[in-house]
Amino acid sequence: AALQAHFDAVIDADGKVEPRDWMPEAYRKTLVRQISQHAHSEIVGMLPEGNWISRAPSLKRKAILIAKVQDEGGHGLYLYSAAETLGTSRDQMLDALHTGKAKYSSIFNYPTLNWADVGVIGWLVDGAAIMNQIPLCRCSYGPYARAMIRVCKEESFHQRQGYEALLVMMQGTAEQKAMVQDAVNRYWWKCLAMFGPPDADSPNSVQGMRWGIKRISNDDLRQKFIDATVPQAEVLGVTLPDPDLKWNEERGHYDYGAIDWDEFWATVNGNGPMNKERLATRVKAHEQGAWVREAALAHAAKQQQRQQKEAA
Amino acid sequence: AALQAHFDAVIDADGKVEPRDWMPEAYRKTLVRQISQHAHSEIVGMLPEGNWISRAPSLKRKAILIAKVQDEGGHGLYLYSAAETLGTSRDQMLDALHTGKAKYSSIFNYPTLNWADVGVIGWLVDGAAIMNQIPLCRCSYGPYARAMIRVCKEESFHQRQGYEALLVMMQGTAEQKAMVQDAVNRYWWKCLAMFGPPDADSPNSVQGMRWGIKRISNDDLRQKFIDATVPQAEVLGVTLPDPDLKWNEERGHYDYGAIDWDEFWATVNGNGPMNKERLATRVKAHEQGAWVREAALAHAAKQQQRQQKEAA
Amino acid sequence: MKAPVDYLLHLADNALVLGQRNAEWCGHGPILEEDLALANNSLDLIGQARLLYQHAAEQINGDGALAQRFAHLQGARQEGRITEDTLAYFRDTAEFRNHTVMELPHHGPLVGYAVSERDYAVTIARNFLVSALMVLVWDRLQTSKDAQLAGIAAKSLKEVRYHLPHASDWLVRFGDGTEESHRRAQAAVDHLLPFCEAFWQPGPAERAAAQDGSGVDITTLREPWNALVDETLSEATLTRHDQPHEGYVAQGHVGVHSEHLGFLLAEMQSLARAHPTAVW
Amino acid sequence: MKAPVDYLLHLADNALVLGQRNAEWCGHGPILEEDLALANNSLDLIGQARLLYQHAAEQINGDGALAQRFAHLQGARQEGRITEDTLAYFRDTAEFRNHTVMELPHHGPLVGYAVSERDYAVTIARNFLVSALMVLVWDRLQTSKDAQLAGIAAKSLKEVRYHLPHASDWLVRFGDGTEESHRRAQAAVDHLLPFCEAFWQPGPAERAAAQDGSGVDITTLREPWNALVDETLSEATLTRHDQPHEGYVAQGHVGVHSEHLGFLLAEMQSLARAHPTAVW
């Protein structure tokens, strides 16, 4: 009870909980679930963009894209490490991903169908992710908050790169412009859904708020994202595919149309366009890499034996 | 001895030996070796051209190429059947191919590097093959002779198609012409080597001549091929890559330069540019197809069992 | 009358893309006879595609508005006019109108740039599911109000009447063969059947063609297709898990493809696009 | 002075093609750390390629005869001038001057259009054999008479000094790991070593560069390369079977490639070639 009281005091004072500190089991579980889900999203998120590395249309864009996908892998690494401080191993987390027990961001269950998708993922998907993640830089669990500071910094850089790539395409040929518009049409609504169900239908949020893991509501973040994005779309010269999208003077915000939550939930529940493909690809990489990991372990064991012999 | 005398009489009379007839063991072995080697060449020969099916530059050429590669597979089928009449099963022959005991035409150990290679294989490789094969249409073993009649007819068609494709390319862009010349440069000498070592170094030929399996010497066939091809090259507008190639009024034939027999033998002995790749590809197809063949057998056995039960 | 160009392209793209896939086995088949059978299937499909593209090209060249719509396709033209090759080799991924199922690689579900061994069970299962559709489609299209399309249908029907038994016989052998072949066949059917749901959600071009009598109302073929599929699956001792269908319906036929078509076209079009003015 | 353009293209093509191959693992690696390591390797190589192509492009644009020789490459030009992307995306297979070993897929010997799972042992063995060469080459090129090339060499040397231990450590783990990893590593080394024979048969561009002091006499690196290779193979308990070399020597560096490069370039160049005038 004293431990709980100390924990509550830290939370109330907006302080940081550290790995060595006592924490309620539910807090630990919630964090492991959230951090590992985030880590999985980074790893699965390498695939949609990785799909275009081999075909990037210039060497500069190829280098930028590889570096970006590499950063995502790096984010995955720190996030797995942050989750490991809570007592769950990377193997356990990967196992949960591969058996379908753990989730990852549903946005990665859509295909990347033209080169502009890469830019749109930077601009809109990373943009939405940053909106979701900035509050986490102040989250109550220290290792997660610190990981998120680094992640957010790099994501902002990716977002600007994505937007810049689209700006160049929009100054290009008719085909290039059409690619950008096509990508925006396919991704816009999925990005709005990334903020999660409307607040009214979002049961986890209250406890998350209390614990300082979640700090702003889904609908508020979504509105913030839309308000920030509409002017960027205007500068870019693309149409956002929502006839109901317009400035509401009274609210001081953009109004927007109805999100297709059935489609969202179908995808979350495994029936999106690429759920099977994304997961099977990760599982395959892991299974086919087993001999590599085993070799590393076997060699390390041999080395150790040899050193012990020498020492003896 | 009476059997041998009868066999000799058939051979001397230029008659046909049929599967049911007695024949010397050496004759049978030689034929199995030659026919199966020819069958293997057809099958391995599907690969260099098959390499371009997916990239054929027009639908018409794609259809022609698929049909051609299919014909090669068909030739493989009749030739395996012809060899089977001599008491060796297709499985035994494939096993000899896959373990490296049986050979196939060394020309297929070179890569196909541009689209014109497909045309040049038709014109020169098939052209050389036909020169080698036409005499076999009169060979003493009936099933082989009959298979060769059909093979030669189709090969002649392929040769004309190949030449026609090159004619079109030579009327095209500078890049197209360069492709044809490049392909001719890479294939010309290899095609001359297809007729086998010079007569002086060709020990098998005498017995083959005696048996009516071989009817014209290597050097004579090679000369015939060169004499026929040079005017075709002129019409096409390509240069054959041999500075010593010129008409010899006295001989009534073209003189030609020295063939690099070291390179030829290195390739025959397994050290050409693609020996490992060609063979490994065939072995892989066979091994990975094992479950398909097993399924067919298992299903046939089940069907038979069911029919027997019904009959009982 | 003439069928809508987009409907012809839908039919042509189906044939070309599946023909391209099936030809990938050439030289790599499990038995020589199957190399030949698939090459034959592929030849038939490419032949169908050519007739359909030619028919589409004639219409495009003969109609100012259509010519304008396809003006951005500059390759493989002859005397400025669009050819079958312009349509096959110079349209981008999003302009293709084939069903997604045609473009899938010969293996289970994986992302676009993954690599995997080819699985003949996937090849056979797809040829079965598609041929079962096309025997019905071509049969109906024999009475298309577009006489040229009706002619193509009559020819294509004869061909697909060979393709269907070839594929269904093998599917039965696999399903009712060994443990491994059964497992592979079931996995292939499970993988592919959901993509077939798209057959029954016609796009605008198919609806327009059904309306004007040049095409077929595809939804009326669902029952006979189900009957064909169920009969063979049952003989193959395989199970259907796709009913009722939940979730995403593939949209290749309206231009939203899987990640696979881009790679297929990159390879298929590479040489033609490198030499857009060449004649082959 | 400037190194011969064809020598710069040889170095650039080596880097680009191997970088393209190594990036194929991105998202598919055996351990997340290896995805990152290979992405890093690929980034370094593409960075090297860019500097080398830029250097080559400057010379081409500044020299009438050279400009004429490259006049047929019309894509990705800027104000009519050749760019790094013109050289990377608009040359045909036979114009590439990389060593054949760079373009091989991540599996054992198979024909160009075969498919196979990727084998990390092949990837590691190639990176080892190539990095062992390039630490020596870049070290020497630091004193190239072409000052710009010397600068690129100094930067590249730092990078390859990371690549070499990464690859050799893994090769040792594989060779001296499990039975399977040993078998794979030995097979990979047996497959790749014969392609390395080409390193010691310089083409005209390499010979010209060695002669004018902008390049390196590659044949002088054979002994130190053998020493590097033998040392690691011995630590890895792997055997060299390639000496003496018999038979064909790969000729990618003089433009005669394997069947694999065509497919690699078809994919890599597909988008750029579909939009030759676009700026990205």
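The letters A, B, C and D name the chains in turn, as written, and every chain counts its residues from 1.
Rule of thumb we're sticking to: a contact is a pair of C-beta atoms (placed from the backbone, for glycine too) under 8 Å apart; a residue touches a chain by one contact, two chains touch by 3 or more.
Worth saying up front: this structure is predicted, and the values here are computed from it rather than measured.
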item	value
Both-way neighbours, i.e. chains that touch subunit B and touch subunit A	C, D
Chain pair, A-C or A-D, that carries the greater number of C-beta contacts	A-D
Separation of subunit B from subunit C, taking each centre as the mean of its C-alpha atoms, in whole Å	34
Of all residues in subunit B, the ones touching two or more other chains	47, 50, 53-55, 175, 281, 284
Residues within subunit C bordering two or more other chains	24, 27-28, 92, 111, 113-114, 116-118, 262, 266-267, 270-271
Topology of the chain contact graph, where touching chains are joined (line, ring, star, complete, other)	other
Listing of all chain pairs that touch each other, if any do	A-C, A-D, B-C, B-D, C-D
Contacting residues of subunit B [partner subunit C, same complex]	43, 46-47, 50, 53-63, 66-67, 69-70, 73-74, 76-77, 80, 115, 165, 168-169, 171-173, 175-176, 281, 284-286, 288-296, 298-300, 302
Of all residues in subunit D, those that touch subunit A in their complex	16, 20, 23-24, 26-36, 39-40, 42-43, 46-47, 49-50, 53, 76, 84-85, 88-89, 117-118, 120, 172-174, 176-178, 180-181, 184, 267-268, 270-272, 275, 277-280
Touching residues (chain side subunit D, partner subunit B) in the complex	72, 92-94, 108-114, 116, 191, 246-248, 250, 256-259, 262, 266
Of all residues in subunit C, those that touch subunit D in their complex	24, 27-28, 92, 111, 113-118, 262-263, 265-267, 269-271, 273-274
Contact footprint of subunit D on subunit B as seen in their complex	47-48, 50-51, 53-55, 111-114, 174-175, 182, 186, 266-267, 269-274, 276-278, 280-281, 284
